[in-house]
Amino acid sequence: MFRWFSQVAALTLFNLKTLPQRLGSVAAAVVGMAGVVAVLVGVLSIQQGFRRTMAVSGAPDVALVLRGGSDGEMTSILGRDDVRLIAEGPGLARDSTGALASPELFVIINLPKKSTGTDANVPMRGVTPAAFGVHDQVKLVEGRRFEWGRNEVIVGRAAQGQFRGLDVGSQLHLGQNVWTVVGAFTADGGLPESEIWTDAAVLQPAYRRGNSFQSLKAKLVSAGSFQRFKDALTADPRLNVKVQRETEFYAGQSRALTAIVTILGLIIGILMGLGAVFGALNTMYTAVAARSREIATLRALGFRSSPVLLSVIAESIALAALGGAVGALGAWLAFDGYQAATMNWQSFSQVAFAFRVGPALLLLGLFYALALGLVGGLFPAIRAARLPVATALRE
Amino acid sequence: MTVSMSHPSLVPVTAGHSATLARVRGVAKDFRRGAEVVHVLRGLDLEVPRGEFLALMGPSGSGKSTLLNLLGGLDRPSAGSVEVGGEQIDRLSERALARWRARHVGLVFQFYNLLPVLSAAKNVELPLLLTPLSRAQRKRQVATALALVELEHRAGHLPRQLSGGEQQRVGIARAIVTDPTLILADEPTGDLDRKTGDGILDLLSALSRDHGKTVVMVTHDPHAAGRAGRVLHMVDGQLSTEMAA
Amino acid sequence: MTRLGLLAAGFKRHRLRLLLTGLSIVVAFLLFGVLVAVRQAFAAGVSVAGRDRLVVRHRISIIQLLPESYEAEMEKLPGVVDATPASWFGGIYQDPKNFFGQFPVKPEEYLRMYPEFRLPPEQKAAWLATRTGAVAGRKLADRFHWKVGTRIPIQPTIWIPKKDSSWQFDLVGIYDGAQKETDTSRFLFRQDYFEENRRFASGMIGWYYIRVADPKRAAAVAQSIDDHFTNSSAETKTETEGAFAQGFANQMGNIGAIVTAILSAVFFTILLVAGNTMAQTVRERTQELGVLKALGFSNAEVLAMVLGESCLLAGTAGLIGLGLGFALAAGGDPTGGYLPNFMFPAKDLLLGAALILLLGVAAGALPALQAMRLRTVDALRRE
């Protein structure tokens, strides 16, 4: 048994020692594999990053209430009475100001993007004091909070980075109204960071919304109280509402982009994998052919077939692992944390997010490379082991 | 092994041609090997009469293959002149030299140098692609050449399906298919056993004796050299006195 | 055998390697097809924007509505030939995943504004005669297998109807696009039906399309429209249709450019590997090339033969790949509605062909030139 292993090891080492002679094709194979892995990781990191933004935006102990049948905040409407009734629901956490139920107004304004100078849709949210209690991940990092009743706004850090004219101290001219930016906030990288916040009471008249809101976000005593809260509201004949966990809601919000990236990622991944397999097969067949005489000599000398087979596969996997590692590392360096923004179709406005290359994704890339290396080495290995020694020696 | 003599396209030498086919004067050839310069040929003179079967013998490194290459226009001398069939081939341009070679020289190699993807017949046909002959004419020429080396029955086989001796005969067929005046053979029997090698040597001498071709053969085997009409020895880039066959 | 025959014989060599290399090239160009289709998809309508069309929307926000009275006012402005409204309906057909754009419009005016939408006259007449009538683009109709006469119910999200719980439309026509790139994914129905059946925002519409008399003066006319409505209750922002589409593309923008860049990297990587293999094959034939030269083939002839082989391989495999890519892209939007402009623009076929040629020449020429520089005698001596 040990002899067998040492044969495999000896052969593999022998194979690897001949690498410098085949540097051209080896380099091509490694580069090819690196490219495949880097791209796979890169494309999926878009989806991972976007998902993370969505996941971080919601909390499992926050319930989101919309009008029944609504798809999102834009198409929902909640009247003042609705809001009062909802705030009386069971299971709500409370603080000194009362129930942590935050009715919110959601509109879109147009601001020029820093990157292109063209206009893009920016979400603007009108809130009440309870909002800061419900969205406890929101932290002020610059300036101060807006004063209630005044035309003042605070902007999310990500929005600041994406759009012109959102520095603290600047003024926003929206139609007849002028708003002053008095502060900036972060929200753990979640959606609120792409938004502009202000007093709902000032936003409503500016947009002629009367006393109505669009959504209500309520902080529950615990994640477990959700069902009780939901049942109470849906059973109430005076209300026509849709109740979800905030996390559920945001998961649904990433539908469009997730669909695009996942499907494109699949197509790309499959095609790339095919290309990589053909490339790997080519490289390994060439490698085997180039050394068929040496391999045959070894077999004539007494090395058995299976160590030969395994050494070829081992080499293929080793090269693939190298390429995969290079590609994964490259992707991590290039993509992790890369700031991008895209259209969130559900809210019809810009959402900023960062590409995310997590350990799981890196491992996926590496496994993919190893799998490709295995496939790429298998058939050439079988051929190398099966070739009649006499024929090979003559070549 | 018999050699037929009635092949119309391969006519024996006629009067009117000069008696000397090749004239080499004061030829030297230097090679650069890394930093140093090696003088492989030093001021060499040689005259090869038309129709002669000449053998060049010598140890490895003596320059005999180099001289052969110069005769065939495969290389240029560093000094001196090479004249073959009245043509100063060392003065020809690269392109003209290639054309000249196609028409006037047949090459036979130690390791045959057949194209592995082509059948025997197609290998023989290769040099004819450089001539204006029609397809039908080419076919005829190939058939004649293959008949001369007695391999018509193996015409469709690939090189790897032929034995060493058969491959060399294909090589010879290829060398004569354009009816060249000069045939250069570099260790033609080097890779063959005695018996097969003898068959090849029979062919080469028949080409000289019966068909008036001039054959220059490089060899390190005295037995092979013995089949030639004249043997010259090369030592250190110089020709030494000839020894009678 | 002819020269061509000699070339073709070259392909008998290393059949497996040839097949694998060919397949890599096919995949590379298939990816190219996906790449250009994605790029086109994210370019979202910029290329088909009308040079003489403008879009007028609410200055503050695209989701704010404009009064329908603006139409008559704008048509009086100099340089404005025609104005017609449209709005965002945003309903759901069966399942939220079946996303497509639905727009209430004024039929006659809208078709005038979009002459590239070709609707047979009898279908147009039917639309004008049927209040609940709707017209869908060819791509949209094919997607859901709609035929003229199909009843199409749409669930409201924004616009609750006065009667019933959903909006009922009758498909009276299917329009085709004048060009391949024309958008045929729209669902159009009548503004008057929209107006009478919706519960709020009466008299308000989403945005206007304007046709200008002289495209060269588009920017000036746009400015004059905005100036006209300054300080009114609903200020406007007017820009050319192209700029409007570009603004949208920019909002999607980052992702499109990134995906394109990534795909380009993949494409070139695969080609690098394939090219290297092809080049290696040439290098291995140094000895054979030497034989040919010894026999009297000139440098140029040998180079031409090698190039011919590599270009033939690149060409065959590349064209198959391009063809497959074209066919794949013709299958339409793989995301089911989010990328309606997913298609292979004809001009990129030229780009693909150029890349094929580049691959063939580069893979063959570079190593062939290298081999060529070797002296014939050295080449012959090689194993």
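We call the chains A, B and C, going by the order they appear; numbering starts again at 1 in every chain.
As a convention for this text, a residue touches a chain if its C-beta (ideal position, glycine included) is under 8 Å from a C-beta of that chain, and two chains touch if they have at least 3 such contacts.
Please read all numbers here as calculations on a predicted model, not as lab measurements.
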Chain-level touch network, classified as line, ring, star, complete or other: line
Centrality ranking, top chain (CA atoms only): C
Averaged-CA centre spacing for the pair subunit C and subunit A, given as whole angstrom: 26
Euclidean distance of C-alpha centroids - subunit B vs subunit C, Å: 64
For subunit A paired with subunit B, centre-to-centre distance based on mean C-alpha positions, whole Å: 72
For subunit A, residues contacting two or more additional chains: none
Residues of subunit C touching subunit A in the complex: 14, 16-17, 20-21, 23-24, 27-28, 30-31, 34, 38, 59-64, 90, 92, 96-97, 99, 155, 157-158, 235, 237, 243, 246-248, 250-255, 258-259, 262-263, 265-266, 269-270, 272-274, 276-277, 280, 334-336, 338-339
Subunit C contact footprint on subunit A (complex, rising order): 24-25, 28-29, 31-32, 34-36, 38-39, 42-43, 46, 69-71, 74-75, 107-110, 113, 115-116, 118-121, 174-175, 207, 255-257, 259-261, 263-264, 267-268, 271-272, 274-276, 278-279, 281-283, 285-286, 289, 340-343, 345, 348, 350
Residue numbers on subunit B that touch subunit C, as the complex places them: 69, 72, 74-75, 94-95, 98-103, 107, 109, 113, 115-118, 122, 125-127, 129-130, 135, 174
Contacting residues of subunit C [partner subunit B, same complex]: 1-3, 5-6, 9-10, 12-13, 287-288, 290-300, 375-377, 380
